[in-house]
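In what follows, subunit A forms one complex with subunit B and a second complex with subunit C.
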Partner chain A sequence: MTATTVSNSGSANEPLSIDAVSKGAFDFDMRAALTSGLILALSLVFIALCGIPEGLNERLLIKPVLSLGYLSLLWLPLLFGWLSGNETVLEGMVATKKGARDIVRGLFVGLIGGLGLSLLTVLMDAFDLRDPLVNWSPATEEVLQFSRSIGFGVIAWPVLGAILGAFGAALHVMPEKIRKAVMAGLGTVLSFAIFATFIVDVADFLDDLLYARRGGLKWGWAIALFVIGAGASFLGGGRKISEMKSSYQAATGPAKRQQTTTLILLSLAALIIIPLITGKITQELFANIGIFLLLALGLNIVVGLAGILDLGYVAFFAVGGYTTAVLTSPNRGPDFEGFPTLPWWGALLVTIIIAGLVGLFIGAPVIRMRGDYLAIVTLGFGEIIRLLFLSDWLNGWFNGAQGITNVPPADFGFFSVKGTDPRSVFYLVLFFAAISIYVSWRLERSRLGRAWMAIREDESVAEAMGINTVNMKLMAFVVGAVLASFSGAIFAAKVGSIFPTSFLILVSVIILVVVIVGGMGNIMGIIVGSVVLIGVLGGPKQPGLLAEFSEYKLLIYGALLVVMMLKRPEGLVPNARRSRELHQDEFLQDAWLKGEVDTDDDMVDPSTGGEGTVAPA
Partner chain B sequence: MTTAIRAKGAAKTNVDKFLTLLRVLLIGAISVGLLAFIAQQIDPGNAFAKWTHDGQEANRLTGEQFKGLIVSGLSQGAMYGLIALGYSMVYGVLGFINFAHGEVFMVGAFTGFIMSNKFDEAGLWEGGAFIPTVLFTVLIATLIATGLAVLMERVAYRPLRGSPRLIPLITSIGVSFFIQNAVILLFGAGAKSYPPNPDWLQDDWILGIEGVKIVVIIVAAISMAGLWYFVERTKTGKAMRAVAEDKEIASLMGINVNRTIVTTFAVGGAMAGIGGMLWGLLFRSVIATTGFLPGIKAFTAAVVGGVGNLGGAMAGGVALGGAESLAPLTLLEPLGISGVSQLRDAVSFVLLILVLLIKPTGLFGERLSSDDRA
Partner chain C sequence: MSDTNTDTRTPLLEFRNINTHYGAVHILKDVNLAIYPGEMVSLLGGNASGKSTTLKTLLGMVTPTSGEVVLDGEVVNDKPTSYRVERGVTMVPENRRLFKRLSVKENLELGAYLRNDKAEIANDLERIYTMFPRVKERLNQKSGTLSGGEQQMVAMGRALMAKPRVLLMDEPSMGLAPALVQTNFELIQQIHEEGIAIFMVEQNANMALSLADRGWVLQTGRVVLDDTAENLLANPELQKSYLGGA
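Let's look at the complex of A and B:
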């Protein structure tokens, strides 16, 4: 696609533009480009002052030319260059022809961004603002000067910015095939460089082959990987996949069913086999992803299906963890003296019941509230529950800040699940995730699920249609609570100790980000969200693949939440119905343009109505 | 979300019964706590006090302690009130909770910290220079907070106007998270201390109350009065009220809706900035998470007083500050709960739940446009 289109219906059938107009190389909106350049400059300076380049400089990606620290700055000019060439083409508008003009604009934007960093380099040399700004340090200065001299830094940044900006814009100009090949090549190199720990963990023999001793791809291999990636894409590797995808989407009836079953069985088999051949790091990562996936699936039912924004979801996770810990550990509060300790699965049954009751108890007072009040009140409940676990008042039960230690492994006779063996944790998590996914999937298509979606879309109408909204919303709370309690119970057995600090509001927010980035109301989206976010960035305390990011991941989570809400509120893998809700105006406009008088949005363009289709960008 | 219309006298569901039970239990617990408190003030060794304290005598609160609790509750509440004004105004005009408003407050306090320390190094934080320096610092802190609030509106909220209600709310959670962590990365995670206040500000002024607390209360009252004048008596204020009532009609009447919304954010941000600076003077310490809980509590204060109602926000703030400061020792302690000071934060959330259960429109009623009230 050379231009972003607002409508998705137009791009498929009819040409968007009547006539492509070409313009001179300097004939672009100077003011807009200047603004975008200044925003780029500010963002770059902000990243530099946050200490990200300096903190990540140790992690080499391609030895000796690129470190993760420099990448944290350099990706931005590229993106801004690309964005500067984007334009919104509405139906009936004339798209401009891409050409030299776009490259010049990208170059200009990148140049201004680079100048921002030059200015920072000079200022850092001249003034000392280290007192309030902790990263106004010689180390940052050295990174900004490329460890050479101030003059080098001042000249290099604008040059680099301009080159990358122009390159980003040039992506619009290239023929589509070449563009895809270039992107694939870059993607391959960067994935191999960034996910080095994971790749080495999976395939040990690659370590000496691809990577230098102190980290980073050897540059020769970097070029080779680029060629491999680009070549594969050029020769049509990507096309095969997209063909398979579209044939899968086109299939209906029993054929589709069969394909789905095969897909599920294949991925299940892969998930069972992979941990057998990988090292501990990957197993641990998989286990963490699974724990958060369980939480996200639960929250998806509450937020995604029923439309109840629960910001205190961590409460149920805490209840699950604490109940299991109290019932299984000998080190619980003194008030439980004489109470027998249960095996893990016995405790799980009690945990489920207690979590369900807590769900009812928290749900009942809040379900009649306005959506936003509900958010704050649930957040309050989340905090109250944490404070209760922490308090001296209930010290006799939960040991306050000391927490409950010595939670025994979950023992099933034939295998026991403990934190030192992440593979066992993963298999347990996989089992429960499979249950949760199955339950969510069935619920979504059940009477209950349809009632939830009706409530999400319009509560009054749902009630008028005879849905008992109060009971249905309570059910959402209970189901969500039970799913979270699974996760809590596994967490207790995995970590072996439970502290109030594991259940901060932060956890709720991170799960919310996972659900939103993945795609509210879509199970596939939730899985993608968990894998991408928890797997790459990491959970609140658990490191992800980019363990170096731990300091910055909360910033990234916050930024991601805002960007997703602004640019793609339906998430990476959207739920078809929800994205129609969010883009209702655009769908209606498309329908109007195409002369369909019927403005019932369900009638609009049935070809995009199937589950799993990509929503309009 | 709408509260569905239910006919009066419709059959009570189990949820209704549960809620009634919850109301009765909460009010019952509060009454028992209060009675127990009164009893323990009269006779610390009374039977109930001995029963709740495992046979020990209860600790009677002295008049001095009681006064201390009320004054610190008032000064804390005044700050909650100042932050609550911003929530209340934005909720009134745009109909969503700006979660990140607490961060505006924090940034105000942070600006105050940076400037006051610089001035302290220059020797301007003492003697005759103190008052002009503080005024200047307040001015800058207010300006920066205002700027941040306006920037937030421009970048994050304006593109979302007209989208489903929960979308801007979720966005504001992201904004709040982002600002918090940006401040941690830019300025470091540790607690930052303000330079010590001059002695005369820490001394007792009247009735043995510290000067700084009196200053906080007075400044909050003056800001509140100024804001009231601005909203109720000026043309811009009138425009704000009109936009809060109905955006479309307001724009038909020739009101620049965008500019009015920006003004709302700016005024709310300014109040939060003043609040942040007062926080710094009072507690003399600020960290990046300073804004989060006070922010949520301030929203609680806004709800307690009635959202959209400026007087209500201030009254709600004072009520919340008072409850938070008094309840642990006058309600929970007489009931024999140990470690009550840890439960301070829980008190404000319980108060929020209580108000929403008993009088969802707040103590002084909401002032919202008809579709926000739905």
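Let's look at the complex of A and C:
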């Protein structure tokens, strides 16, 4: 699909089944365009029938022209238009120049997509299918008709689709500089519109200035922001950043180390300062991101490095949370009678030990299994641990469904960490995240890390090298458990009460998605993954910046996973290794084009010349 | 090298009446073997006759149900694989089995996983680079992207990094292009000349026996022939079973 991939579908000399003979604006694969158009139409209808446009219509982005509900539909034709422009038929090996025909194709794709919604508008008016389809409702109908009339809706959707599709495709045709400016402008407007709560939280004087009273950017400001964003990009704002980036990448040796240190110190300073000047919403957001980052870092060691697909990772989060809660709260189960309550940091030490032991205990039987079996068994253990905390049997310790309330703040004398002060939580999380990142980073480069990678690659060969695979895998499990328990301990102090329902399987799933989407085995990717997924979409129960989407969170996670697996299996921030191995065909092809790899190697080994070609009998 | 009166020395590795089972399936049946320091011997046998199982049992990845595995005169039945690797027993697995997504360098370093002598490891790396200049050119490439011949070099290099006294080679010519089979045997010969004992498991009887001092023939887990390479090559039964069987 990408322009660099050589496909054999369109070599210039071969007669093609499509009408590629005529040159001009309509010289594109009509069938393929029709297919993308239909996929677009189906996607749009699906989103509409999920009730997303209607549910999010209240949230105005730009007053009065655009709501989040409409955006949930309109971004798709734009994307499809852009993607259709990517499907260039290669002639020989040189990609053809983008031009009018790409725009026409984008327009065509968008038009078909829009027609899908027109059809839905008409059908909604004519039939009542509300029984199986709950969102076949007057409210959805109203959105589809733009609150005007059927006729308006039926015409407006294809027109909008076509315009956006053509625009998406046109992005390929514009000169690079203009394209970047347009994207920057759009990005600025949308960021200000979508992340309004966050922006107001950081700088509340902007509230009255930029935003209308019931939410949404004032449209005058929307235009102004577009101009500002585009102008900044046009005048070279983005170029400075990319220059700095490439100079950083080019640096080596001590210079690079120095730059890395500076970069880390700067980010750390920024992370310490930002919460000081922002409001509670941002601080809470940061704290939640941190808590899930800690979990993701731990799971990354287990899944990303050692290759153990643990689907019950929430178990260790639960153990961390519960252990800290019962050791610090006066409201724990009656069977703890006589145990002194500990301060948070004292409890933390015990928590680490208990989590490590539970890691050993669960790990020992599980670790001998491989692949799918292991995944299923860990899934089971994740549930068993939660059910134990919920059970009548241990009710005397853990209070069953009532949970453990009144978990006191973590008191460090000079400052105390409690849920009502999300900033303090964030600082505590930051401290532990820094430790975990450092530990992960060191482990990855250690002998232990190498043993884990060998096991991930080929367990029996690793064993043959003398690696004690059972012990090493157990070790990964224990390290993962301990990192998760940090997170649980902080979580307990933050929320002040711990219930079995805080530790549903969903938590395991979300952490795993963070790890996969970010890029397995890659610390930077895990950080970006946490910020994007937890920060924007939110955690299992914690709202993100797009709190409106929380109802559709799983849908979005699912879609994201599918798209990532298909298009970018190496994660958002790939490391060179993963991306090379996952795109090996393309990599080899590129190398072959550049003449780096001779693929006939196996037949005649150049190092021995032509000698020794006699095949043994 | 063709000296077969080695019985007075202690064997480096030995099987005494080994029986191995996978679950209820009896694989190796009363197998006796002895590999002496510095010699090149070969184990021949058709598909599924138990050749790989023999190597895994020697290395401790499979535990025998009866009999003794002896390393330098010591019974090592209950010693882990790492114990044997540390004492110079190293395997080049069937089909090379590199860690495909790790770089060539990482593969080589993993071969020296149990060693602590940093300076010597660096030395041995250099030695491998001179032995295989092509490997040196590709140190940071993922080993899965190498050609078959290069993968074979890395597999050998990885094994040598363990500082072996005996190399257990599981069908080294399997899956190699015909032109490479010859080069590969030359390479094995070269390693052997450095004093490393070679225990080569092969289906390719003629080629293996032309290099080896002695050989055994395994048939459904039982040793049916045990002789010098010369005699085995001349053995009409072997010729027949290899021309007609497998």
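Everything that follows uses one rule, which is that the second predicted complex is superposed on the first by the 556 of 617 C-alpha atoms of A that agree within 3 Å, B and C clash if a C-alpha of one lies under 4 Å from a C-alpha of the other, contacts with A are read in each partner's own complex, and residues count from 1 in each chain.
Note that in this section contacts are C-beta pairs under 8 Å (C-beta built on N, C-alpha and C of every residue); 3 or more make two chains touch, one makes a residue touch a chain.
Please read all numbers here as calculations on a predicted model, not as lab measurements.
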First (subunit B), second (subunit C), both or neither touched by A:G466: second
First, second, both or neither for A:F339, with subunit B first and subunit C second: neither
First (subunit B), second (subunit C), both or neither touched by A:R447: second
Partner chain in contact with A:E383 - subunit B first, subunit C second, else both or neither: first
First, second, both or neither for A:W75, with subunit B first and subunit C second: neither
Subunit A residues touched by each partner, larger count belonging to subunit B or subunit C: B
Subunit B and subunit C contact sites that coincide on subunit A, given as residue numbers: 460, 463, 581
Subunit C - residues contacting subunit A, complex: 59, 61, 80-82, 84-86, 91, 93, 97, 99-103, 106, 109-111, 113-114, 133-134, 142, 144-145, 147-150, 158, 162, 173, 176-183, 186, 204, 206-207
Interfacial residue positions of subunit A with respect to subunit C in the complex: 447, 450-451, 453-454, 457-458, 460-468, 577-578, 580-581, 584, 587-588, 591, 597-599, 601-605, 607-608, 612-617
Partner subunit B, residues of subunit A touching it in the complex: 46, 49-52, 131-135, 307, 309, 311, 364-365, 367-377, 379-381, 383-384, 387-388, 390-393, 395, 459-460, 463, 469-471, 474, 505, 509, 512-513, 516, 551-552, 554-555, 557-562, 565-566, 569, 581-582
Complex interface listing, subunit B residues touching subunit A: 1-5, 13, 15, 18-19, 22, 96-97, 114, 117-118, 156, 159-160, 163-171, 173-182, 185-188, 292, 296, 299-300, 303, 337-340, 342-343, 345-346, 348-350, 352-353, 356-357, 360
